[in-house]
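Both of the next two complexes hold chain A, though its partner changes from chain B to chain C.
Moving on, here comes the complex of A and B:
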């Protein structure tokens, strides 16, 4: 097989592994957007904060891995709920751009606090769940990455089931017709909190699972080494900002497109991966702004 | 113009009966003439003049170490220059967010293009600094026009995403072209010999700020400015009144780009060395922070906000207020992280509690200085919040 062909397959393999992180971030973004119409720039920061929580519990305090993982998730969810209560709810009448600036403010506050509190620790490493890896012809996926893919699959199925349950239906009703939902006894306010909680949980999973892939520092998942904010948004755009399954597919595709920047073809171009993402986003928005992976039912 | 929540125009339907039995109109009263008739007395006039002179002295002469007892050191003057340049950039972003209602998260790229253009022309091509600044402004306008063309198709929140990706693309790809930017090695730029001293360079930047403020003022007073205001509130209504939406949107983008390019050129000559990572995403977010906290569509507010964040970032402000000890020891926050922690909190407080930002807070003083009564309720929020309609 030609070198290019092999490189493309490698890009696809690594793209899917990396893309499953993006997909998780995108799921959170789509969930929040559907519920509240907010472009949540703090989504990736829920993940970084959760990662810092898990790191502190496991490495600094010496707790067990599973307990630390859970603790990290709790930290992320608490941050999500606080965001809803302190920023999103007070601004519910404000314009959507104000809300965007507000979520960016939340992300920046979190980043500032991370810089401040972990200034002394130069290199932070979160240990992996399992250290194994699998040498193949097309890149060598680690156990950690495979676990991430498995978690993504589990989360997607869980969300699909959840949205068919009475609670999930109540959420959908509250999203589509808040006033009518309120009249039939759905507490729209707690639905909003629930949505932000779930979104933060998804962000937290992405953060704690992606953290061990490399060393991390403040703003890790937003625009640090694990930068998943922009790819996550792209995946959400591919899903038309609405479709959950579209967000998963979008995440994997964005992961692949980004890896195309690593082809030997582009070795002389600096920042080829950023270029691929930018061009891809432009093409999608200019030619198919309604999204690529949108089931017909949700476009209406 | 009131806030337009939706695009539908609802004509008022008045039932005929209501017209017939309309209650008597309240007696017409002459509008309060306070503002027009008020002239400060002799004491007031002197007090205002003294304040004006003090203000001019502290902005123009003190930083330049002229007629000043303070004799600031070179580093402090550099930081003050940076504050002036940030003010130019803040006004540039204000045109986009405030006037055009388009949020840009990639403004660091606009500025970076100006900076690298200037550095390349002066260092590699041995061209004149002012010519290079001109080219930087033109380039800034050009790339903004390209991005503006995109924004005509992709509006609101999606456009914010495009600028986010554009910022990363510019930082990593465009500024990574080593033949133009020398990559990580960075570029240095020597200023023309007359402006070599920090004090003179400060005055030069201040002059450019005045120019930008004047241009911005002309823009808001022109047809283009009024058209933009109409557009921001409701593009459909505006276009039905015959306003050329696309053309005026492009005007806003080009003006913002020119200001940013100019600011970038000045920024390059102030920095000792510029590298691609000087124009990272955090810088872009700082620009958004300072503009929103300053108060959108309020020149004074934006300038104060920009200067505030610049001085906070360089640690100068904390130092002046003798808060080093408080931050470093009492709450254990190293001085270099103060802007990172304090800035976003200020932003959140601004948009949740005080949408008018700094501009609203200084409005009473501003009105007083302009020769009106001291009205503590001046500067009510007049549509200061970020507009929704293009989202």
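Moving on, here comes the complex of A and C:
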């Protein structure tokens, strides 16, 4: 096989592995966008905060890995619920721009807290769930990355089932016609808290699973080494900001496109990966602004 | 016994009062129609009863108990149901899913919900045919049937229907009113809101509204009195 062909397959493999994280972030973004019409700037910070929680429990306090992982998720979910209660709900009658700034404020607050608690620690490493890796012709996926893909698959199936359950239907009803939802007895506030809780859980999973791939610091999942906020946002745009399955597909595609920047072809181009991403987003917005992965009748 | 008592109800949007202290009672088992022109305050009245609007003053009692501190969802649980103006069906859910959500407040009793679903399909056979269709793709008349059907799913003791006839052909409007009359015969008290006098033959009593006040109550033969329509609706 030609070198380029092999490089493309490698890009696809690595792209899917990396894209799994983007997909999880994108799922959270789409979920919240459908509920509030707002792009949640804090989505990735739910993940970093959860990662800090897991790291603190496991490395600083010496708790077991599984318990620490769960603790991190709880920290992330609590942050999501607090965001709803302290920012989103009080601002529910404000404009979308105000809400957007509100979520940015949440992200900055979280980043500030992370710096404040851990500025003295120079290098932070979250251990992996398993240290194994698999040497292949097309890159060497680690166990951690494969587990991440498996979690994404599980999460996607779970979400699809959940949206067909009574509470899933109630969420959709509240998003489509809040007044009518209230009139059939759905507590729209509970639905809102539920959505933010699930979004934060997705962010938390992304953060704690991506953390061990590199060292990490404050704002890790937003703009740091694990930067998944922009790619996650792009994936959500590909999904038309509406489709959950589209967000997953979008995440994987964004992961792949980003890896195209690693082709030998582009070795002399500085910042080729970011460039590939933005060129791709630009093309999509120019030619198919409604998104690539948008089922005609979105139910989940 | 009175199902609903409305006492000196004043409701306004911001500084503008829309209802200027209205009083009426709905008795168990009757079909009452709240009739008036656009802007008379009909929708405001039922919205306040359903808990969507907060009254400035006055009292609403349901089965003798004040509703003042009850949330809209709590009122549904109590047995008060509103099919809202503009239908407000869930467009990207199927007809069956819309109806299932109608029984949300009583979702733990799945057997009862299924019975109620059969009942609704009995009132509106067309909904049964279109069970798996997205509600947003239904015709206007079918959407109205769905909105009423959804409101019936919670097994209300008082069913309020806001402008069922709006935007419907006379034939379709009559079909919806006939179904409503059937729902009433099966034991549900009904309060209809209408500006279409065509609803009068289906009602036991008519309350006429004008500019935020109740101006006349018509019972029995009076309802079918042509002069009444002329006097209050100009029809």
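In the analysis below, the second predicted complex is superposed on the first by the 298 of 300 C-alpha atoms of A that agree within 3 Å, B and C clash if a C-alpha of one lies under 4 Å from a C-alpha of the other, contacts with A are read in each partner's own complex, and residues count from 1 in each chain.
Here, contacts are C-beta pairs under 8 Å (C-beta built on N, C-alpha and C of every residue); 3 or more make two chains touch, one makes a residue touch a chain.
Keep in mind the model is a prediction, meaning the values are calculated, not measured.
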{"item": "Which of chain B and chain C A:288 touches, first, second, both or neither", "value": "neither"}
{"item": "Which of chain B and chain C A:92 touches, first, second, both or neither", "value": "neither"}
{"item": "Partner chain(s) touched by A:230 [first = chain B, second = chain C, both, neither]", "value": "first"}
{"item": "Per-residue touch tally on chain A - higher for chain B or for chain C", "value": "B"}
{"item": "Touching partner for A:166 - first (chain B), second (chain C), both, neither", "value": "second"}
{"item": "Partner chain(s) touched by A:177 [first = chain B, second = chain C, both, neither]", "value": "second"}
{"item": "In the complex with chain B, residue positions of chain A that touch it", "value": "39, 86-87, 90-91, 94-98, 100-102, 104-106, 108-109, 111-113, 115-116, 119, 223, 230, 233-234, 237, 269-275, 277-278, 281-282, 285-286, 289"}
{"item": "Of chain C, residues touching chain A in the complex", "value": "50, 52, 71-73, 76-77, 81-82, 84, 88-93, 97, 100-105, 107, 134, 150-151, 153-154"}
{"item": "Parts of chain A lying in touch with chain C, wherever the complex brings them together", "value": "166, 169-170, 172-173, 176-177, 179-187, 297-299"}
{"item": "Chain B - residues contacting chain A, complex", "value": "97, 101, 103, 105, 150, 153-154, 156-158, 160-162, 164-166, 168-169, 171-173, 176-178, 183, 280-281, 285, 288-289, 292, 333-334, 337, 340-345, 347-348, 351-352, 355, 385-388, 391"}
